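Letters A, B, C and D name the chains as they come in the text, with residue numbers starting at 1 for each one.
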Amino acid sequence: MKNTPWQGIFPAITTKINADESINAEGTARHIDFQIRNGIHGLVTCGSLGEASTLTLEEKLQVAQIALEAADGRVPVLANVSETSTREALRYIDGANKLGVQGFMVMPSVIYMADAREAMLNVRTMAEAAQQPIMVYNNPVAYRVDLKPEHMQELADCQWIHAIKESTDNIRRITDLRNALGTRYQLFLGVDDLAYEGLALGCDGLLAGVGCAFPRETVALYDLMKAGNFAEALPLYQWMTPMLHLDVSTKLVQNLKLIDALVGVGTEYVRRPRLPLVGPERAYIEQVVAKALATRPTKYQSVM
Amino acid sequence: MKNTPWQGIFPAITTKINADESINAEGTARHIDFQIRNGIHGLVTCGSLGEASTLTLEEKLQVAQIALEAADGRVPVLANVSETSTREALRYIDGANKLGVQGFMVMPSVIYMADAREAMLNVRTMAEAAQQPIMVYNNPVAYRVDLKPEHMQELADCQWIHAIKESTDNIRRITDLRNALGTRYQLFLGVDDLAYEGLALGCDGLLAGVGCAFPRETVALYDLMKAGNFAEALPLYQWMTPMLHLDVSTKLVQNLKLIDALVGVGTEYVRRPRLPLVGPERAYIEQVVAKALATRPTKYQSVM
Amino acid sequence: MKNTPWQGIFPAITTKINADESINAEGTARHIDFQIRNGIHGLVTCGSLGEASTLTLEEKLQVAQIALEAADGRVPVLANVSETSTREALRYIDGANKLGVQGFMVMPSVIYMADAREAMLNVRTMAEAAQQPIMVYNNPVAYRVDLKPEHMQELADCQWIHAIKESTDNIRRITDLRNALGTRYQLFLGVDDLAYEGLALGCDGLLAGVGCAFPRETVALYDLMKAGNFAEALPLYQWMTPMLHLDVSTKLVQNLKLIDALVGVGTEYVRRPRLPLVGPERAYIEQVVAKALATRPTKYQSVM
Amino acid sequence: MKNTPWQGIFPAITTKINADESINAEGTARHIDFQIRNGIHGLVTCGSLGEASTLTLEEKLQVAQIALEAADGRVPVLANVSETSTREALRYIDGANKLGVQGFMVMPSVIYMADAREAMLNVRTMAEAAQQPIMVYNNPVAYRVDLKPEHMQELADCQWIHAIKESTDNIRRITDLRNALGTRYQLFLGVDDLAYEGLALGCDGLLAGVGCAFPRETVALYDLMKAGNFAEALPLYQWMTPMLHLDVSTKLVQNLKLIDALVGVGTEYVRRPRLPLVGPERAYIEQVVAKALATRPTKYQSVM
């Protein structure tokens, strides 16, 4: 397993839940194995898609442990730090380090809309405590904190910060980061339905959502674009796009768990206050996935 | 102590923190006593202003315990439920009930942007578990979940839901709630700088922020307006307004803790990622408070 | 007729249109007479509600002329200046002055999102050209230009600027303006469903929309509140509110023309690209108005 | 000159203004000639960037006439229809047709936020009156009206509608349009700093802003990408990007006229309420352009 520089497809894995809302360790491990066998290059546990917001600190460590065992050294496992206070973040990082994770994704601030001074200090404090490679997860849409290129320049002296997960929903940010910072950071696109655009602009990889269910297809997109074969990549991306839109939604967890279920790699169980989809919302997802499966390009098809 | 119907001034108290980020029990208790001696009618622990987002579940129960002891039966103590999963919310409610709180404020969903179906189920589940009077804290600005009048109508059969803390930033909502629901719910205005408007429209009380430092002044505003004396209330409100604006800010905790410190009823210590104010932001607050203190109406002045 | 200081109810009158999209002079005049007979204190021609955006400069002068004749000196007539260039605004002001209007409402900038420097210069240029009392129409929601209290302070030396039509949708602005500027400007609330709140905060009048169809009711609200009788004003306002919401909509013209038609004081004809309401939108308005008419308080009822 | 299908670089030309705010015909013509000599494929008169909002209908026809004479058949000239009523739009289209323009760009609705039903009818009415190829300018950011893929499907039977200028600021729209409509419409990207992304996704051309001052560079970007040479196109785009950002601003007219002036192809004169840039805003643009000129790739340099 190569550690950093991280490159390629890193799914933000879903956390499998049982009907009683307890964690489904076996299902989570099996899904991870499926993704690795289909070529993904790394994975992140307990991100937004992994239902971080409804898991306790101890449960998130449990999921990291499950992932490490399932990955078994084949790909790096990053633990996402989404604690709402710096104190708890440090406690979580310590716990995950003891488990042996290969790095961390960190959210600059959760719930509290920190300003740049506060968010930068929080990131730096976590990175220094981790003493491991860090990917900064910049998502002002969901978390309303934005670390801009100038802030990432201020953090550039911190050796542990290796990568940025770009989730601003503003594709221009990739060019602005490259213009401001060259290749100081690895850039991962964190918005599923801007994946092609991001790779066209030279991103190093994708923090993928729908990739959890379609890993080989997602790896193929990456490989084609890295090989400069945009002409073949574009129709593959156009095929994927209706599903990729489902990752850009407040219901992304339910959407993607329904995709998992329809594709046969997971169930729809979620923790409350989330509820499984019903009615027209559910019918819409089912129709999108049915159409995608009916027109699935066999050339890059994930194997079970 | 009268229990519900709740009416009057209910500060959302600040949680006093020590320099090492531990909870300052003595300071918290002293501040509560100050507020009660100045006439407030109830209080809420660990709301947004009480730094709920950086406290663990156990710490929030500790603060509820501090408040109950400090209040000593003089006013009702409501514990705010801000857990990010229904499971943890139920665990918190159980703990607070064992301590003997007089009711709960509940957030429909935190971090996850629940839709109305999910948020209503979450509120109902918490209310039924609590078996105590509930105030629903509706704040779509901060939490991006909005329980509208039609949703409160759907919840009207749940006997435990007594009140709404209206924090939509849309003052029209008071009239819409009255038109849709009459007096089914007690209505508390939760936005400091819409307090006069809310009381003019017939609200039953205020969930106050700046009221933590200026309780008697805030009680006076309430009393004047309930007595129909708008002419005397208006200049009092105009005097307060520059401070009240400081409650409507992502920095409300730091702003109001700085007010506490300047007025002599608290300190500025906060938990990270929050940091105390510096530079022009700090100077601005200091100038607003200095002006307010210089022109403070002696007639309604809080006593130490 | 008293000229400034303007006070009371100033409807922003609808412009009556014929089926072929030409201006209906007789209908417009009749509607104005109806409003004046029911007690309004002034009126404004060709505002947003008057379909300014689809009328040529020459047509707007024609409507001003119609209004002056219909008012016949009973109330002041203000011509709204909504030209998209300063050049044309000056040409319009010159034309309206020659007709003998009693003042102008001016929009700081239309289409172009001017910054404060540009908008202030535009307003000042128009005011100095007018040499007549001016009401500044501040509506950042519709026009995305906001003249804040500090900007109105910069303009305070311009003797022609007498009043502000406050349409920010932010009711706090009234208190901020009073705190910053005392009574330098007359303050008119320009958002129908914030009328009670504005008058409670001491506004001098309303730029009314629904008041076009319910003038006596609207004058009654104003009179009650100026007399300090909030207790009687509140139920009147609660009765009106579902209709007042219809003024705060991108479809305000169609909504209020439908109200005019249902009440019997106008027709629904509009100029394209606007189209009359159809389907559920239309049914909703009809139902709101039917309910309002069924519960109409006879005490203040407008007379035909 | 080939008429439709339109393809390539179509600048939305700036309208040259004299110091007294009159139209500078000679300067406008000279700038158009410069752009054509540097390879552009078509042009549009009096768009947002052409100060449409401050020109009268007659002046806009005058600019179309200037452009037709300057182009002299070398490239198609499209007249932008930005009238605020359907009546005036038809009058403008008739006038421009008599001048001999090769087509129209049409805005679905200006000032009035038409809904889809109204906007579609407006577009269809204009297209049928024009009896010429039409490009629909979809810019919900500036004009708050959005014709979505499903609306463009409804309009697909109208033979005159040939192209869409996509200015939603949402690059995903290109893929959604292709998935919904295949190649029914030519797609032009109308947001300068999404140009590379749009061309990578298969757009047929650009409605360019900064291209007015850097036409050959912009044509080179297009040619490289159409040839599949993304590797050479990307650094060219990265070089351009800081200038391209200046097109995505409420001050785009002043920004791009300052670029014109600094590059030597125009002046900064604008019509009020716009004012030329001053202070830090101006200094920032000057610094961006100075840096771009200092690092200008000689290979594709526009010739004077």
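One rule holds in what follows: a residue touches a chain if its C-beta (ideal position, glycine included) is under 8 Å from a C-beta of that chain, and two chains touch if they have at least 3 such contacts.
The structure presented is a predicted model; accordingly, all values stated were derived computationally and were not measured.
Trainee: So with chain B out of the way, what's still stuck together?
Mentor: Taking chain B away leaves a single connected set, one piece.
Trainee: According to the touch definition, list the chains common to the neighbour sets of chain C and chain D.
Mentor: Where chain C and chain D might share a partner, there is none at all.
Trainee: Relative to chain C, which chain has the most distant C-alpha mean position?
Mentor: Comparing chain centres, A lies farthest from chain C.
Trainee: Report the inter-chain centroid distance for chain B and chain C in whole angstrom, where each centroid is the mean of the CA atoms.
Mentor: 37
Trainee: How many Å are there between the centre of chain B and the centre of chain D, using C-alpha atoms for each centre?
Mentor: 52
Trainee: Of all residues in chain D, which are in touch with two or more distinct other chains?
Mentor: As it turns out, chain D has no residue touching two or more other chains.
Trainee: When you draw the chains as points and link the ones that touch, which shape shows up: line, ring, star, complete, or other?
Mentor: ring
Trainee: Output every touching chain pair, sorted by label.
Mentor: Here the touching pairs of chains are A-B, A-D, B-C, C-D.
Trainee: Under the stated contact criterion, what part of chain D meets chain A in this complex?
Mentor: The touching residues are 171-172, 175-176, 178-179, 193-194, 196-197, 200-202, 228, 230-231, 234, 237-238, 241-242, 245.
Trainee: Spell out the residues on chain D that touch chain C in their complex, using ranges where they run on.
Mentor: 21, 53-56, 84-88, 108-115, 117-119, 121-122, 125, 250-251, 271-275
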